[in-house]
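Next up, some structures in structure tokens.
Consider the two complexes below, in which subunit A is the common component and subunit B and subunit C are the respective partners.
Our next item is the complex of A and B:
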């Protein structure tokens, strides 16, 4: 067990309050967090479930076969995974050098640029995408992989810049200086010291970017549909054309990659050797 | 002689004084202005080959800036830095023949002790076998072989410090730089580690420059001490001389404890004047009975310091602090206090010591 989890447990133990209040709090948490998930899970196997009945009227796997038998779904899954991976890659290539510059260099307009990255998220997304769409019509990017990719990358710029910038800034300069002193060139210092130490932050940013791209629906629908369909945009179609049990099945399918990724990242970032390195004084 | 040979040789390495020129470190006319303020003011410093020199001064005096310029992390505005007769001021830190031990040790947390120490050699593209040998030799030197595969976070502060020292020594530097090497250690460990550093430095005969604000540390380790103040070296001499013959009032007050009184000393009594006299507390002697040169005094306060006491004495001409061992007097006791030795400063510079004019 790492020190971090030990410490976290200790502080959690201190925070917990006994008595009926904590019981109530626990029940509320279960209801609010697990309730909708349970509803979703039951719904995916329900024959039908109408208002006055407390439980479903019967159980069936029909909705699963509807979804899994839909040949467009396979392509949507493929599209989603490939697009998310590509988005993370492109975003990393563009944003990581920017993040390093924000963290390590002082230049004109640095703060403005840094704050400006948020501007993208400050506007209502749909309005932004409509404007982008009119631009893309002119550039012949509508309905193309490139167009969808650009929209996805735009959505990840904030994560991919801010989190790694903080990670780069958190690498003590003396560690880099020590490497210089040992005889390393600037590039070697980055490869051997700065990058490995900032890696946990970069991984977090990559996971968040992957999930953001995986869940992105509005822009993809507007720019890509009907030629390029991802899981979220395919879901729109399915939900409109089938009973809502199908939506439940689809939600569960859509959640699988996200949950798997989060669990993997959790294991590597929180419990792994990467976290250990940060305990140095 | 290689480092490994030096480590294994039992006799201390003698300074190889070449007739050809000055080995060691030579700094001439070093100048640095930061933010419109002169940090280092035309500084000269020479460290002989195999010598250990401390840069001692209060915080903000420019000692760390000087060290960083010698290490190559900061470019001087003017001046030359020569290591073993080679001008290095134009070189980057990675090309200089010096190795530094950082104040916070700056160990790479994602590498084990072996990897940390071996990294400088890996950069030099040495063979695996040679790296292993040299790392083992230097880890044996700092007594850390048992922690070879530990990560820096898993070992104690003193051990981290030794790893940092090993990482510097493994490079076989021509100049070893240490930035406040002991400031992060507790008091007991500090004494032990400074003895270890001095012993290793003597054994390897390595030219060393240490930055410190701790006078005791500087006094106990150094061959010579350069006391810095406001970007200049106030005095550069052997530790004993620094204490007994401080050239300036600043050095006298900074090193050791001092009764600083404005005026001058005539027949053991303080008379008003433009000069400043400095009296070390151990040179003030308090006795209950009258003696030659002593004047009546009343004990005002007694501060225990363990093996000695600090006594505040009120005389008719001045208030003096004295150090006394043995049974201390009690506040209110009346007796006689004599000044046995004094330093006189005129405009900040030493003019007489012990009543003898320079």
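Our next item is the complex of A and C:
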């Protein structure tokens, strides 16, 4: 008797999540998330489009040559890639030692520091850039690479500190101690034990930082435009001045590095490395 | 009992730090802190001084470039700029739109993320895993593209209207309305909330759910009494980050929203660049900051509580 009710309840609990309702939810989510991307993506190869047809009037690769042949757009691509790489590098140099310290040392102000890093996230980005811009005017950093780089690095500090900190903290002490007992120096322990084990977390942080920099539009636009244009800031002008299809081509180009990194780091990001980093300990 | 689930070993590793090497840790942690103090803390202080009319020193340049700057006659400043902004009915409308969009988007995001997380936890299977993978995709799409894609999808000649037109139905145009702003905010905020909430839910031992089922708990009871309380901290983190992200957003409302009223992030930028009224812009930044700080306080409290539950504070 109890077995039957148990099973009945179990299936009742499962039932609430099966059947046509969850199927509908699934389809709606697919349309909601992928629909806009597909709809825009098709445009990159479309001749023209008549409402309310669900497909374009014809296919062409003309828009690709427009984008690839445009010099300013090409420079934006270069700027974006160079800035993102530089940002990750600078951010790693500044933040990774701190991440290690947060994970392994107890020191005066540790908790305040962690919360202080978070405060950076709480101030609205646009408001922050406006306040930074008024400082940059005074320091003559408006429209300079240095100014834009500072803005980009600021956007990565939280990722580069929190996620690797969680990764360093997750390396078992016992392993490090065992290596020490076997006669390894502190440096050797770090290089051979701690760092490799924390590497997935560091990689996720690097990927997130790269994307954050690659994606950064508001601050770059405010500080860098019109002298330093990256791909996202170029999008602002593109969508206003060019036909829709050019923006679509540009969007695909802009999404390529992101998708490549997605495929590379997907396992670790979904595996909880990212989520783990966002809990102050 | 610990409310925050699992990974005890990792936490314990931090709970027993090497106290002996105190100064080294402090100095290693210093560089990002200095960077933030210099380029976030300092500008914020400076901007606050500017917002209350203290236009000397480093604020001199911006005060002389900007129009309509309220200057203080004394050392402690003047609330004139705040009074002007807060009595401007257009900006007040922007403010209420900002709060409304933030609240609505956050509720929808958390609802969807919880749905996906519970789906994955209680049912698993291919569809659930596909769904959670799908929800991560926006994380990798630059917000500029996402906004533009959403505008074209819901525009007058967009997909939604085209599909409805096949059946002779006139669907509403959502592009350049607040509906599109909410859609865009949900779209871009979903991945982080899903990651946070699924990892929180996955950490809850299945044995607990089984035990509750054996004791006669139904689906709703299990969700409300076990899963949500046990994943409370990750859920709250998802709520705060979503709300803070939306309240200060610029790109999504700029691309997908109407000219006016729009969210404060857009008005802020307009006042700074187009209208050249930096002081008003900075005042708006502080208004949004106050809202975001309120949300952030909840996050800090939640983390503190989870640390306390584990007996660390």
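Please note the rule applied: the second predicted complex is superposed on the first by the 237 of 281 C-alpha atoms of A that agree within 3 Å, B and C clash if a C-alpha of one lies under 4 Å from a C-alpha of the other, contacts with A are read in each partner's own complex, and residues count from 1 in each chain.
As a convention for this text, contacts are C-beta pairs under 8 Å (C-beta built on N, C-alpha and C of every residue); 3 or more make two chains touch, one makes a residue touch a chain.
A quick note: this is a predicted structure, and the numbers were derived from the prediction, not measured.
Chemist: Looking at the overlay, what does A:153 touch: subunit B (first), subunit C (second), both, or neither?
Modeler: A:153: touches subunit C, not subunit B.
Chemist: Determine, for the superposed model, which of the two partners subunit B and subunit C contacts more residues of subunit A.
Modeler: C
Chemist: Mind working out whether A:172 is in touch with subunit B, subunit C, both or neither, as first, second, both or neither?
Modeler: A:172: touches subunit B and subunit C.
Chemist: I'd like to know which partner A:95 touches here: subunit B for first, subunit C for second, both or neither.
Modeler: The second partner, subunit C, only.
Chemist: Which holds for A:182: it touches subunit B only (first), subunit C only (second), both, or neither?
Modeler: first
Chemist: Mind working out whether A:144 is in touch with subunit B, subunit C, both or neither, as first, second, both or neither?
Modeler: neither
Chemist: Touching A:60 in the superposition: subunit B (first), subunit C (second), both, neither?
Modeler: A:60 sits against neither subunit B nor subunit C.
Chemist: Applying the touch criterion given at the start, work out whether A:239 contacts subunit B, subunit C, both or neither, answering first, second, both or neither.
Modeler: The second partner, subunit C, only.
Chemist: Considering only the touch criterion stated at the top, classify A:197 as touching first (subunit B), second (subunit C), both, or neither.
Modeler: first
Chemist: So which bits of subunit A does subunit B touch that subunit C touches too?
Modeler: 172, 274, 276, 278-281
Chemist: Which bits of subunit B are touching subunit A when the two form their complex?
Modeler: Spelled out, the residues of subunit B in touch with subunit A are 71-73, 92-95, 98-100, 102-104, 106-110, 119-120, 123-124, 151-153, 157, 167, 171, 184.
Chemist: Hey, which residues of subunit A end up touching subunit B in the complex?
Modeler: 172, 174-175, 177-185, 188, 192-193, 196-197, 273-274, 276-281
Chemist: Over in the complex, which subunit A residues touch subunit C? Could you list them?
Modeler: Residues 6, 9-10, 12-14, 16-18, 22, 25-26, 29-30, 32-37, 39-40, 43, 49, 51-54, 94-95, 97-98, 100-110, 113, 115-128, 130-135, 137-138, 150, 153-154, 157, 160-161, 166, 169-173, 211, 214-215, 217-218, 222, 231-232, 235-236, 239, 244, 247, 251, 254-255, 258-259, 261-262, 266, 269-270, 272, 274-276, 278-281.
Chemist: Quick check on the complex: what are the subunit C residues that touch subunit A?
Modeler: 4, 7, 9-11, 13-14, 17-19, 21-26, 28-33, 35-36, 39-40, 42-44, 46-47, 50, 58-62, 65, 112, 115-116, 118-119, 122-123, 127, 130-146, 148-150, 152-154, 156-159, 161-163, 165-166, 187, 190, 195-196, 198-200, 202, 213-214, 216, 218-220, 222, 233-234, 237, 241, 244, 247-251, 255, 264-265, 268-269, 272-273, 278, 281-282, 284-286, 288-289, 292-293, 295-296, 299-300, 303, 306-307, 312
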